[in-house]
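Chain lettering (A, B, C, D, E and F) follows the sequence in which the chains are written, and residue indices restart at 1 in each chain.
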């Protein structure tokens, strides 16, 4: 049986892609063992691909007071609220691995308010959801609540910017009907 | 490290329960290899326990044009919309097993509109979500849409009644902070 | 002129029903002077009928710190929010009688926040509406607010369980287009 | 026991009111047998009182293809959606009388979509609710639907204007906590 | 190129209007330099025209602790939330002039929570929006918040009544597709 | 009087910025006559700045079947729905200039459904708003509606991607309380 398509748009041949994009994709494949579909789907538009991953790397690969698990929690919580298959399934897998916790991704995807997380993490996710759904109402009180949990102004920028970038990603994935790789569903479940 | 509690209410000792309830729980344990937490949490109120499982069995164990996988899909889709940990995780596991499909539960929990399902299943879930969120607006047109996919009036009752019963269950699970057993998270992922 | 049907599903003949159901219905008719339509509509499915009324009786007939009027208020407030004819009209009648108050049902059905009720009753209905619409966000703070008004943890279970059961009932009544008996509209208006 | 106040604002003494307002109020009392509270509550501001009742009379007392019962249905349906005690209870009474139907007001207040009304009345109320909640999206298609039921452009203005005026009234009644007279609750129930 | 119509309803000839309405319109034209379209659109119904402007003048022309700029802010904030072209554009112009501030109208129309306004003005607009969207939940706490900023009970009536009247106006403008005069867009931008 | 800050985060000194960023900013200043605040606010994070503007330029500077005015309409409509001061005011100015239309920006910001736009533009904005608010429900039917107006699959990607990028931008602007330059408010009003 043939699989459903991974995008409603055409997928580029790897060899037809510009060198920098092809190299980036091969490097990911080398590390992960497979090519996450988002790379192929977004490579349909090379300029946008470069900008997206530059933004992604600027937020996800840098040093920050937010741990890698913190950042993945933000992605899973907001992507679930935006009902995005790709991001919930793929970043759920990464979250399980980063947090070394087989249960946390499904808990956060279903209802972070009842998940096994700390009050600091709850405050972080409350703010991320507010930026996602009602950024226009953010105010000093929101910043104060986060600061009471030890977040700095720069940490708060990180929370908001990750939320905003994956809000973009969720919309791109949903309108293209981007499909997560089957591999992600079971990754990190044995940790 | 101790686990978080599985309910904010006290759990009964198995031996202190009325015989019929104890026997039902032991039979489930025998079959599943563990006691699903919902049995212990609801046994806090024996009369309500009996009524809940009588209702459950009347809808879930009977012959119907709705397959076991259809019924589990309805539960996962509506429970996800109601953000219920217990039902999404536990019935997600059952759905993977019933449908012999390792991916379907996460797809439906995240966004059934983008899941690998048939137009018949999509119509079934559209109606279930309408009963869950806006039953007051259901009308002849809804019935006609379902009939066009081969559902009978009795099948439609089944869809609505399963939705209604698990809407009750979702509310009970959420206000008691009912916790799914760890076992459910990984069940059926290798099928 | 013929009346509109009381359900979009067939109604059973009383004599064709299993004895236990027939007896329950005759007993209600004896007491009320007429058969409330919910009994006939749900008797279309005897197993579900038995489970529903077992659940109902477990919550509504037992001893509780919640008075009969309290319980009916919960039903009227949440059923009105769910726009359910049968439950608002039938339980509105019962509320008028239980509370010996000809005005209270219409007040609560229209806007419980402006009704002639005590702060304790207001807190009870606030929680019932939260369980009905947003159970996933219930938390310790909700319990503390209720405890400040003297509600115990068991009372809170009662509020939530009544809300959840009538949420089921509202959905069943709405999708079947269940019609309240004409008698209910004027009952208890002279008290 | 003293009754709750009928407004959070002071009520004028009848004799202290300007003659035209006093006369209007006495005429209503003569006809109804009591003074509907809205007259006393709004008389706190004589200029606004005059404008409100001039608007009211322009829409409610004129000749129109909309019957008196049609107009009252619009008021009850939109006022219920706005959760306004005064208008639901008082105009519910008038609707029972105008329509010579003891059941219709409670049906429309609870859920007009399941009420015993004609397709023409349903279309009228659908449009009234759209003007009340989402006037910004009204378009040619809405007008065409109404015209298919025989409504003229002038009739449609009537539906919208009654909705708009009672939307104003609902907001005034709610922020002043305006209380309906006890008499209204049982009026017209024996018709 | 011909302009789009200013209403979907017929516009009266000025000379065919009753004298009082014609005089009122000519007086406005004299003062403003043009006839604001709302006068022509509402003159389609002379009785309703008179009532509307009587209500308008009672609230907008009287002495009040609310400045003219305060009142226009309420109109712009609530009309923007109701997505009403006429009121946002026309009253935005008046607000710029009354407040002698070229930026304030666009700020309030887009997001009053981020506008250059005082805490007193923010509290006033928070209450106006609550009356507009959720008057049924207004309570003592809302009044106390406003009183803490120096608003009296009569000032609060003014805020609510202006909101309610322009809620009516927004609905009339939207269903008639009332078009603002081109002149309003640029008025007051050089102050 | 000092102006309010243009961001709640520190603004970099132009001379302290990396050369590529400084040059980009000076080039914009040269062209516009002033530095649009978004450049200074986002330059607080140089890596993210580069990625954002690379994405922006990839979508806004390329050849496309969407005219420059089309793209600005999408930005104004979705940014208004997200209540973003910076984007509504700044891109409103650009839209007036691109469309050579002094009225269009305020019309679209207030209610695009009643604006002076073509059916093709209306369909484009309907889809943009759906991607912004409910991307998870986009489906074949949405694509077919757009294709009926002559949009290709690539055009649809452009609509969605512009919406997604400015959704990111709206969230960044709102949580930083980014302030539009005063110059934007009056630009293009004389065209």
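The working rule: a contact is a pair of C-beta atoms (placed from the backbone, for glycine too) under 8 Å apart; a residue touches a chain by one contact, two chains touch by 3 or more.
Being a predicted model, the structure only gives us computed values, none of them experimental.
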| item | value |
| --- | --- |
| Chains in simultaneous contact with chain A and chain C | B, E |
| Centroid comparison with chain D (C-alpha atoms), farthest chain | A |
| Between chain E and chain D, distance of the C-alpha-averaged centres to the nearest whole Å | 24 |
| Between chain F and chain C, distance of the C-alpha-averaged centres to the nearest whole Å | 51 |
| Euclidean distance of C-alpha centroids - chain A vs chain E, Å | 44 |
| Residues of chain F touching at least two other chains | 83-84, 111, 113-114, 136, 174 |
| Pairs of chains satisfying the touch condition | A-B, A-C, A-E, A-F, B-C, B-D, B-F, C-D, C-E, D-E, D-F, E-F |
| Complex contact set, residues of chain C against chain A | 136-137, 139 |
| Parts of chain A lying in touch with chain C, wherever the complex brings them together | 111, 113-114 |
| Partner chain E, residues of chain F touching it in the complex | 4, 80, 83-85, 88-89, 92, 102-103, 106-107, 109-111, 113-116, 174, 177, 182, 185-186, 189-190 |
| Chain A to chain F touching residues, read off their complex | 8-9, 44-45, 47-48, 50-52, 54-55, 58-59, 62, 82-84, 131-132, 135-136, 138, 143, 153, 156-157, 160-161, 163-165, 167-172, 174-176 |
